[in-house]
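Two complexes, one shared chain (chain A), two partners (chain B, chain C).
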Partner chain A sequence: MTLNAFLSLLNGAGVTISVSLAGIALGVPFGLALALLRWQRVPLLAPLATVYVSLLRSTPAVTLCLLIFFALPVIGIEIDALSAAVATLALNTAAFNCEIWRSGLMNFSRDQIEAARTFGMSGPLTFRRIIFPQLWRTCLPSLVNEMTLLIKSSTAIAVIGVAEITRAAIRIGAQTYDPLPPMLVATGIYIVLVLVFVGLQRFTERVYGHAGGAA
Partner chain B sequence: MTDTASESRDAPVLAPVLEISGLTKTFDDKVVLDGVSLTVARGQTVCLLGPSGSGKSTLLRCVNWLEKPDQGTVLLCGERIGMRPGGVVPMGNAELAKLRMRMGTVFQHFNLWPHLTVLQNIIEAPVHVQKRRREEVIAEAEALLENVGLADKRDAFPSRLSGGQKQRVGIARALAMKPELLLFDEPTSALDPELVGEVVAVMKSLSQAGSTMLVVTHEMGFARETADKVVLMDGGRVVEEGGPEEFFGNPRTERARQFLQRYVSA
Partner chain C sequence: MIRDFSLIWQSADRLLDGLINTVLLSLVGAVLALALGALLAIPLMASNPVLRLVSRGFVDLMRCVPFLMLTYLVYYGLPRLGLRFDNWTAGLVAIVVYNTAYMAEIIRGIWSRLERETIEAAVAFGFHGWRLVSRIILPQIVLAAGPMIGNQLIQIIKDTAFLTIIAVPELTHAANSIQAQYFIPFATFITAVLLYWALCMLVEVGVYAVERIAEKRR
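And then the complex of A and B:
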């Protein structure tokens, strides 16, 4: 493998990382918003969120990516490949994140919420001060698990020509007639990425994990 | 009978702190409250006794408006809870919150917030709901912790405390709101027997200091020694109501005699 080939793999890694991070940054809060709509049984919006989750969960990322990239221009929305890639990952992961947040919310102690209400705390204040600080800690392992799945499924965006890790590796293999080395390097990069996420999760749990247990 | 208790009974007539009248509540087909009326005057300690399922806790939840009664009214210092004046339009959350923050509730299962330290639990609502100055609230919270004998647990998390300690924090948390009325929902029922005493002692001193308290309890000793008035509920109704000496010494109703017999023999 030449230096150039290696550099283009690194470039692919940069694309994978930035698209994944953008997808996570948008998808995690969006998932929380969906979960809150369902948890609070907001009229009209809660059923919509339910439909959204079932649809998105049953659509493969590749299909969703093609749909966004080729279908949006038909209804007059021009979208470049990179934005379509980020949208794919964010919309897809939001559906799964919604279910993670929602199960955390449903298991949250009614007693604590009731205590907050009797002390005159409003719903938003209760969420911000009482629920969320505990919720994110309990949801973190599942959220990070979903993030690692997102990183690996991010290769779906190659279908619309975004040069992420796997696409870069295939291209190098095709040029050199020696696909094994670039594939091995690509695999190594994915492993390192996932390990970094899991490491960050462990670190966060160690720093903020105190007293999150039973009262 | 303590001096404080007889004083409060002889006190000039003030608007009662809590005035419940004609409260009914039905869950599905089960009548849980069947026309309950009850008043708590300023400085009084009223103990609410009765077998489980008699509606005591539901009554307390209706006072908070955590449960909406089907009929009847609840007045806090003359102000109607849950309904706007006129009694037709229900209160919004913000209006309810304003009334709720004038009452302090102590729960059977403590309901402390586990991610906050003892001090943070106590100052949470005064700082974020009542919007009082943090430094001032902290100073008060420290004094309250001193009073309940937990000054050294200031920075501990609830998971590190015994049940009795948790409940004393629960009481300090309720007091930090400077409530006009304290509601206790079986505050010692979830405690190991040897931890009941420390919580009862704190409640007694509050009562003697003139707090207005409505206490749902199974602690007959506390009711006998501390209450200004004892109310026995059964089947969603008040079956007997009176001073503790009269109630425990010479109950008027057969139902009260049965109830007391079971407790004395237990």
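And then the complex of A and C:
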């Protein structure tokens, strides 16, 4: 494998990292919004959120990616491959993040909410000042765990031609007729990425408490 | 939109073929992975440190590698070493190798939380060796593992969609070929998504049934 091939794999790693981070940046708050809709039992929107979570949790990332990339232009929304990739990861991870936020909300102490109400705090103010500062600390380890899973499912965006690690490895393999070395290097890069997130998860667990699952 | 769905209805046999392949790959893959995972759980729990280190290394490696990467390694990488599979078999091999690690970890987790008392009582009643495993240990593991194995099965069903990239004729692949032919991407992929949803619901119903049985046996 040449230096050039290695550099294009690193370039792919850059794409994987930036698309994943963009997916996380959009998916985590969207998941929180869905969780709040369900937690507050907002009429009409809460059942919609429930259906969304159930549907998206059972949709493969590859299928979702193809749906977004090919179907949105048909209904008049032009979308390039990179945006479709970010949208796929964000919509997918939001469903899982919703469940994490929701379990945090369900376990939140009622006493504190009632105390806040007694002091005359409005709903939104209670959320901002009382609930959220504690909520994100308890949810963080599980959220980071979900980010690890997102890195692994980000390979799905190779299907629409985004030049991330997997795609780069395939291209180099096809050009050199020797697919094994670029794939092993690509696998190595994924292992490093995942281990960084696992390390981050251990760190957040130590600082803020325990997560539910494992990577 | 209605015309789109009627086009899909005309190609229902192709979608059905895809669905059957998805179900077949998931079920056969899950059963083989569960059997191999149960075997792999033994070295994971062994007192021999070398056995434990090697098996732990494999499990942790699989948990770090994306499924698609492993599929590529099996499909494009192994022929270099003289092992050549057709796409369907390569897909199945990837599913089995990958999920053996996850199943082993699930079984190990439950095994290590198993109560000593029931095993000691069984030994006192004269159970040992394979009979101890098959009559006392395994039923407890299977009943306790139900929900986790169900979750893993859902993960496997979703992972089979990756196999479209190595041209395995599963559900997503069928949907993609139909949408390419008639250019009706929205209707076809929505249909595929709903079918995946139905499959995952079925698994959840199954898990619920196993949980009810486990509850009764308590």
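Methods note: the second predicted complex is superposed on the first by the 197 of 215 C-alpha atoms of A that agree within 3 Å, B and C clash if a C-alpha of one lies under 4 Å from a C-alpha of the other, contacts with A are read in each partner's own complex, and residues count from 1 in each chain.
Here, a residue touches a chain if its C-beta (ideal position, glycine included) is under 8 Å from a C-beta of that chain, and two chains touch if they have at least 3 such contacts.
Remember, predicted model here, so these are calculated numbers, not experimental data.
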_Partner chain in contact with A:8 - chain B first, chain C second, else both or neither_ = neither
### Message
Looking at A:134 after the superposition, I want to know if it touches chain B, chain C, both of them or none. Which is it: first, second, both, neither?
### Response
first
Touch check for A:115: first (chain B), second (chain C), both, or neither? first
Between chain B and chain C, whom does A:166 touch in the aligned arrangement: first, second, both, or neither? second
In this superposition, the partner of chain A with more touched residues, chain B or chain C, is C
Chain A positions within both the chain B interface and the chain C interface are 214-215
In the complex, chain A touches chain C at residues 54-55, 57-64, 66-67, 70-71, 74-75, 151-156, 158-159, 166, 169-170, 173, 178-180, 183-184, 186-187, 190-191, 194-195, 198, 214-215
Seen from chain C, its contact residues with chain A in the complex are 61, 63-69, 72-73, 76-77, 80, 105, 154, 157-162, 164-165, 171-172, 175-176, 179, 183-186, 189-190, 192-193, 196-197, 199-201
Chain A partner, complex, touching residues on chain B are 64, 66, 93-94, 97-98, 100-101, 103, 105, 107, 109-115, 124-125, 128-130, 157-160, 166, 173, 177
In the complex, chain A touches chain B at residues 109, 111-112, 114-123, 125, 129-130, 133-134, 137, 210-215
